[in-house]
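Structures given as structure tokens follow.
Two complexes, one shared chain (chain A), two partners (chain B, chain C).
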Partner chain A sequence: MLRYLALRFGSAIPQLLLISLLAFIVMKAAPGSPVASLVGGREFMSATDFERVAGNLGLNEPLYTQYLTWLSNVLTGNWGYSIKDGRAVSEVIWVATLNTGLLIGIAGTGIVLISLLMGYVAGRWAQSPVDYAVSGLAHISFATPAFWLALLFILLFSVELDWLPSSGMVTLGQPDTWHTRLLHLVLPVLTIILAHAGPYIRLVRGSVRDVLSSDYYRAAVARGLPRRILLWRYELPNALTPFITWCGVSLPLLVGGTFVVEWVFSWPGIGQLFLKSAIGKNYTVLMAAVLVTGVMVILGNLIADLLVAWLNPKIRRQYGRA
Partner chain B sequence: MDALSTDKGQVPEYFRYHQKTALLRTFLRHPMTRVGLPGLLIIAIAAVLGPLLVPYGADEPDLAAIFAVPSWSHWLGTDQLGRDLLARLLEGAQVSLSVAIIATLFATVLGCLYGFVAGMGPVWLDRIMMQFLDTLLSIPVLLLVIVAQAFGESSVLKVIAVIGLASWMGTARLMRTECRRLMAADYISAALVGGASQFRLAITHLLPNAAAPLLVVVTVGVGQAVLIESTLSFLNLGVPSTLPSWGNLLGNGMSSLLGGAWWMVLFPGLMIVFTVASINLVGDGLRDIVDPKRRAGL
Partner chain C sequence: MTVKTPLLSINELSVTYGSGTDAVKAVRNLSCDIGCAEVVGLVGESGSGKSTVAQAILGLLDSDNSAISGRIEFSADNVLAYDSAQWRAVRGSRIGMLFQSPESSFNPVTTIGEQMLESLCWHKALSKAQAKTAAIKALSDVGMPRPDEVFHHYAFELSGGMCQRAALALAMSLQPSLLLADEPTASLDVVAQAELVRWMGRVQKQRQLAMLVISHDLNLIARLADRILVMYQGEILEQGPTRSVLENPQHDYTRALINAVPRLTKYPSISAGESLYQANTEEVQS
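And then the complex of A and B:
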């Protein structure tokens, strides 16, 4: 198990490096010189001053030295300042990350519970009316863009019925209680769950069917094992492994979808920050957002893989004894 | 993604006479394609012929009918300039679908080349290339696309290039696996001993073998490309806003949302869902036919 851990952590390092390289490229490719933005424009300084300041900032160094310096800055928490309002990027990013984490955390839990439940029911009673309903819904969910669902929900629940708030995390001008916060969570969470659950449900359904038609399961039924044992020791664990793998693999999709949903609901998270800085060409924040998102996804993948390894005796044995 | 697996030994009805019937007929009989294929046909016909049949132009403002509710004269209503939504949707079908199809073809060529090099090249190169692929896959596609779109002006060609560049990975992996599988086959060794060149191998053996699974990936890819394009355009990062792509129509609908113009949001989205669902169904049908394990009813 330790060897597996080491191997898996090792493979995350090139991924992290690539992400950081991407973020560095975003920063470097940004139009305009950082020197000029310091004093408000190239025309305010002489050519010799410009050279001197560029030299002080390390901009005359070769690119790989710049990259290493930048990387060490990032690692020590020095993320620069937003071009737009001069706030420290690390501070802006941190708040947004927490908000996004809350949203994805709740929605992700919802997706896992719903897809396990519905996928199991559909797989166990395959080709029943329930299965057709669930599978049909899953198909539609797979083809539905999250942002469109978000718009429909706003139209229905906010504009027509006026039940739920359509934007932000709190209502402006009203006391900030947990009650209003919960209300603001309902629509974004619902949107993310409904627009993403499709492939998860179909996967669980498929693997439950695979388990039910396997020889070891039939043998277990033939031995007369009680339902409880069949469910908890045979059906769920075997259906769970591909599911968790898929959860890790599909994390980029979920994060991408959440970003757009955040945009529609003006949720003050990393996705909104990301899109705003992409559209407003605020490259320092964009760089940081790329970095944080990438790290989040890679960590999520890592956790999923470790969970699978922990659940799957094959992997446990393979690496455990060596 | 295993919507249609069946119990062992029980051959589903639509596969039963597979040996006697042509593959095409098996495909047409498949329950998934029975729903998906007509859907695709409807979309295709609507996209090609639709703009000719609707009496309004897509960019024809009618200031007397601003925000018109769906009615007999404007079936799907009008937007803030009085432009007919149905005309714009059909025009948008041409834009969205051609962007998606061209981008997917681009991604397919790219993925095939990458997979071919990785699959036919030396093992160390294969390792490096696959590690790179895994890393790319761990980054949200949307993130890559948005970062790319944040630089420079938006144009249709750029959107196509960006979507293509963001979605070739699946094809590459498939191609690489097919190459490796094929190179291990005896008849390939025979061909190699006989002096066949790599190029000849690729044309005469690899392509015919990989064509079927490739078709599945391409089909599903077009659906995903439609989704990416609509998301990008919705965020104002896609095709120029003067073109009525489905995403642009939805973005436009969002700005009129609080005014209660529900038709501007509902119909473009329904179009997207209908299109992507049809494509996915056809893709599922294809996958069932192509996969020899399923074909044998395992």
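And then the complex of A and C:
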């Protein structure tokens, strides 16, 4: 298992390097300059001023020097300063990561619980009214874009009914209590869950059906084993493997979806930071956001892989005893 | 040695899959008895309804998709009227079953040993330690080399032949009085087939086990069965003692089945069934 862990960790490093390099190239290839967005446009400053500011920011160095400088700084723990307001990138990114982590953490847990429960029920009682209801919901969820659902929720629950806040993490002018934070979480979390749970539910339903129609399940039933053993030792472990793999694989989708939801609900997370710094050409923050997102996705995949390896004796045996 | 009180009695069994115009009658008015310690071979080509019979005996048919009529009595008890608790008490502990594909009939995420333990602990109310002793004994009873190692293996780590013998051990560890073997050798190579048949025969004699061996393989049937039922398109065409059916088949279809068995002689002859029977009985007796 340790060998497997080392192997997977080892492969994460080149992945992260590649991600940061690609992000850097795309960013540099896009038109515009952070200097221009600082003052609101190139026409507002003279060419000499422009060159001076760009030089101070290190933007006149050759591209590979810029990248390598950034890389060596990041590796020594120096994430640089935001071009926009001079705040330490590490601080900006840390706060945003926590906020996004909170959102994805709660929504992700919700998706896992809901899809396991609903998917199991639908798969176990396939072609029953319960299954039709669950599968119908899953299809709707599949087809619903997060941004549209978010707007619908804001219209319904914030504007029409005035039950829940529509944006931010706290209400301006009111004390910042856990209660108000919780209220602010409801709509974004709900949006993410409802817009993403569909494929997960369908996957669980499918793998539960696969297990129930498998030879080993039939053999277990033919041995007269009780429901308790069938559920905990046959159905769940075997249905979980594809589910966990899918959770890992689909993590980028979930992160991307969360970014959209953050934008609509003005949630001060990485997604918002991402978009704002991309628009403002805030290179240092953008690169940090790319890196943190990359680390989150790779780490999530790694955890999923380890869980699958732990559940799957074939992988465990291959790496385990060595 | 065949005792005549039937352990299993099937009366006018019919199984229909589907309904309306799509309905397929998989089994038609099948009647047969299996006595204690008697081995009955059910032969027929693929799709003749053989497996459906075995599944009906254990109540494994999907009730939404199939209709059963007739009676199946096990120890004079009508099993078709069983509820799920009664089924659980009979399945495994009184009627065991061997399946066609040995590797996939084991749970891929637990070891052979754990699967033996869970069944033994459930059916026989044994402690873990007692169950482990029983499981290892069951494995060595079917000639498994190094049973205590096999105990810790997963099915994918064993060969097909070893897996099927482990499945036989698992079934036999619960001490059933009837074993249903549904094409047990179909996915094995010839060496593994011979090995399995040898151990099935040995276990059957030791335990005085009744068996229903379902196969299209006449070699297997000839070696194990006391009596043969020939099934074609859901119906029993012919039945009788193994010897007389193989040596003196009454039905064209039976003759065709016997002649379809590959032999090392150049031309199949009328006495093919006879030589098949003799070759196999000699082997078992030796």
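Everything below uses one rule, namely that the second predicted complex is superposed on the first by the 275 of 322 C-alpha atoms of A that agree within 3 Å, B and C clash if a C-alpha of one lies under 4 Å from a C-alpha of the other, contacts with A are read in each partner's own complex, and residues count from 1 in each chain.
Going forward, contacts are C-beta pairs under 8 Å (C-beta built on N, C-alpha and C of every residue); 3 or more make two chains touch, one makes a residue touch a chain.
The structure presented is a predicted model; accordingly, all values stated were derived computationally and were not measured.
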**Asked** Is A:142 touching the first partner chain B, the second partner chain C, both, or neither of them?
**Response** first
**Message:** Quick check on the superposed pair: does A:238 touch chain B, chain C, both, or neither? Answer first, second, both or neither.
**Reply:** second
**Prompt:** Counting only touches as set out at the top, which of chain B and chain C does A:250 meet: first, second, both, neither?
**Reply:** neither
**Request:** Go through the superposed model and pick first if A:223 touches only chain B, second if only chain C, both, or neither.
**Result:** second
**Asked** Looking at the overlay, what does A:97 touch: chain B (first), chain C (second), both, or neither?
**Response** neither
**Message:** Under the stated touch criterion, which partner chain does A:312 make contact with: chain B (first), chain C (second), both, or neither?
**Reply:** second
**Asked** Of the two partner chains, chain B (first) and chain C (second), which one does A:207 touch, if any: first, second, both, or neither?
**Response** first
**In the superposition, chain B vs chain C on chain A residues touched** = B
**Request:** Spell out the residues on chain B that touch chain A in their complex, using ranges where they run on.
**Result:** 1-3, 5, 7-8, 131-132, 134-143, 146-147, 149-151, 223, 227, 230-231, 234-237, 250, 253-254, 257-258, 260, 262, 265-266, 268-269, 272-277, 280-281
**Asked** Which of the residues in chain C end up touching chain A in this complex?
**Response** 58, 60, 87-93, 96-97, 99, 101, 104-111, 118-119, 122-123, 154, 156-157, 167, 170-171, 174
**Message:** Going by the contact rule set out above, which residues of chain A touch chain C in the complex?
**Reply:** 214-216, 218-226, 229, 233-234, 237-238, 241, 311-314, 317
**Message:** Quick check on the complex: what are the chain A residues that touch chain B?
**Reply:** 11, 14-15, 18-19, 22, 26, 29, 135, 139-140, 142-145, 147-149, 151-152, 154-155, 159-160, 199, 202-203, 205-207, 209-210, 212-213, 249, 252-253, 255-257, 259-260, 263-264, 274-275, 277-279, 281, 286, 290, 293-294, 297-298, 301
